[in-house]
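Note that the chains take the letters A, B, C and D in the order they are written out, and that residue 1 is the start of every chain.
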């Protein structure tokens, strides 16, 4: 059965028809306004209609960057879109007038599910997905089931506290994992290093055009791939935080596979090797248990579409 | 259907017949030797036989303090009993010659399940059990399913790292949660306080007969219940670590209920109030989500028997 | 002997004639431009000349917010003024054409010295000054001598690391004391609290006109003085960080007196009480040694003038 | 002028005649009993008398492992000898009947002074001594003066707190520097590593005869010098904690030289290189200030004798 998946961001939406093997057979996009929720409903419905003109689908899944109600119908709260207890599925259903199941899923859960069903995790039963981007998102699969939590708010992995009294987080707390294990943390640490150790930072400073504040993540990866020791160190620090935090998750969940998504994956072994080493160093009872694999995600930006579509037809 | 549950400790075993409502209708005990695994098999079988003389049962569950294989047949490793990849269920089956299912479960999981099925969690679907004793044990229930992990090693909650570079743990790592949130941590902190702030510690010192090293957990609780400020502070610190760590778990799992078991429960509100306050203070997205209840366990030492029996008949 | 003290800030300078008892008998001000160091030289000289018209002085002390050379003649580096290895004393000497000693002192050292010589520390021999403002500045007096360090950079107390992996600091490092024990930290924590615990934060939010980002330090103090529990907690947290850090300094220096300066002093006992409690709790060997007093500074903004003048005539 | 220095330990004392260049020209030893303070007085006097038979001396310095009164006459408190407000100098004076100055100094201060006056620090004016042994002792020299503090308790560097909530310390607190930067910490971490990463630890386990608890510090150094990666890592971790803590001290005191004493010095560059790297990484305002040298001590066990003798004649 084909299904539509829609990835709803603050400023644009992407919708696609997804087949049984997780392939996107058609895709459309729309611009949106994060403050005008009715227009988002309309854009979602409009995008779906365009796809429905040429494709028969049995379900629609909507990936939303926010807290989703346990019945998968509403968005309870979203940080970047004006959704508050918002009946997203019902609204889209009314606009679409189509008699198929429409469900809402958290976007990180959708992306993680795409990886589980059709990507790095397709042979696994118990998986932790970590999406290392602006923040640290995640998804948890236990015994082939996506973990949504009692109120739909599970897998907010970025807010595991890893350092008491640690870095401030936008959530109002201190020491959240995403302040150490995210692309933002990498860039912030690199910029601080340009200030603190100017003599070690020449290559990155050059790539940033001489302005520490202009430094971007891919430039750090590039410098590291060229062999710049400071950039290598920075990626190793990021990898270490990923691995150490994952070991804490493993103490709770004993996964067989940890999948790393997000742009920092471009650093490949420069990131994975320290992540794996730190994971093993921190894993309790190492030697008395198998150790989870840590691998890169196979899907990129389209994971939200694929996962939302697939979760809708389950 | 009645089932037998057996709680196997290092020096003794307790076996009971458990009915459908989680009541123990008969119970027997045996002494054992932690280094002689064959004698443990024999003692388990012998205890079961005594119970079987008067009771008809449909299943046998063995609660073991160790890592249990995912097929619930063997103990992979135990810290205090000489089990290494040990076929416990099969051995007991051969000795018992009874044609009913025999399964092995981790003892903390069994105790947590007793609480879930017949105790504080019987109306819940998603529960975190924390057994605050010598260490910090736990059990995780998601959507009414016990979480065992890919290799049977899930819910080792005590080894979540809460302080990088923190207290040494017997597992070889630093900063494990159980070094902050356990009865042992409470006693250790109290003894340190007797050294560091002798003038504040008079009541506890008195209860300990003047010897800091002789201080026991119940004396701390007693002093606190009498109003001793230092003892109250110590229990509050324990409660805070329980609550803060639980908030990290909640970031991953979004439970509706957190159950606190173990001897420190005797402190009641002196422990629960700070645990709840810390949980709410550390919970990400407070105000945009419901908050889990934190309650005391209803079962005591017999939880292992009850949970193992019930898990065996599922 | 009278002496002139000049406190040189980024946008203005204040100069005064100081008598032997630390009283300012005359004072003048000038506006300056932080990027134009020659104009600062000229403004300093001009202010001095105005004072010299009516007063006879035997020395001139210049308090500069930067690293000062050990010979007290130059500013090695300043974060907010364009001084780099800048011969400040010599320049002022040439412009002034006056044959008296002219010395440069770090501004926090000057302020601390004013407190030592004429304020809270005038009966002490060993003192730690902590100026809790935008950052955390300090001064150290050992056996009646100001500690300047080998290269003039001592007493940068704000950059003692108190939390590994802790809050980012403008210096490029993590976990610096001033990120926990400063007015900025207080305001930042309060703003975060308005986000994280909106229901507890009503009074402060009201004082801030409903906008968390508009909250100012004095409003926190006001709310605390009115009895608002969250504001009281925030000041207690600040006090605790002050006291705990001071205990680390005491492990090194064994002072008899710790003086707290800066605007947060307005909170008085709401700050001092938790600072003293935390200091005692963290002090090693408490009970086997006397405990330093912790008191508020007696001088306000004029401490830099007074201290610089007095240090110039020593 | 020659002087006698006496290093008083819990079970033995060593006394020597020290010349103006810090050379020991004669030395004697005595056994003592830590619980019998009068016998220690007698043994000290007896050892001095033996030396005085052949040598003319102008002063006697007694190095004591405890808190020494600011007037250098008494021991306020000692952890391992039964001294409590004990008039050590007076007692020895009466027994000795010699009309020369007799002073008491803290043993770590004495050892640091030996290094300052006749060892690695003889060209320095501002020095931090770190004695990395069972604990972490220290001495501070500022502008050629030994810093004793208001009450004689300065330079207890081992109790600087480096990790809030960190390792327990015998002093009753948590996270003291000596729990991370001492020979004991090295051995403890190594033993934990043998448990946590058995496959990486083969060489050290071999040197320890197969028993983790039998592992000693010199075996870690030996394994590291042979190239064992885990042992190299462990020494690097020790070095890093030394360097990072020293950077915090430098924020306060701006020393020109940091001297590392104690048995771990045998590891030489395997320890110093990471210590220096960590010091520079953590030093605030690196690039705007000179960086202190970090060097090994030149004196070994005799430093206490030499320093006590020299401090007595100042």
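Here, a contact is a pair of C-beta atoms (placed from the backbone, for glycine too) under 8 Å apart; a residue touches a chain by one contact, two chains touch by 3 or more.
Note that the structure is a prediction, hence the values are computed from the model and not measured.
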- Task: Figure out the least number of contact steps between chain B and chain C, where 1 means they touch directly.
- Result: 1
- Note on the structure: When A-D and A-C are ranked by contacting C-beta pairs, first place goes to A-C
- So what's the Cα centroid distance for chain C and chain D, whole Å? 34
- Query: Counting in whole Å, what is the centre-to-centre distance of chain A and chain C, each centre being its mean C-alpha position?
  - Reply: 45
- Message: From the mean C-alpha coordinate of chain A to that of chain D, what's the distance rounded to whole Å?
- Response: 52
- Task: Could you list the positions in chain A whose residues touch two or more of the other chains?
- Result: 163-165, 171, 173, 196-197
- Item | Interface residues, chain B side, partner chain D - complex | 163-168, 171-175, 180, 188, 192-193, 195-197
- Task: Spell out the part of chain A that touches chain B in their complex, as residue ranges.
- Result: 67, 76-77, 125-126, 140, 142-143, 145, 147-164, 171, 173, 176, 244, 247-249, 251-256, 282, 284-285, 288-290, 292
- Along chain C, where are the residues that touch chain B in the complex? 164-165, 196-199, 280-281, 286-287
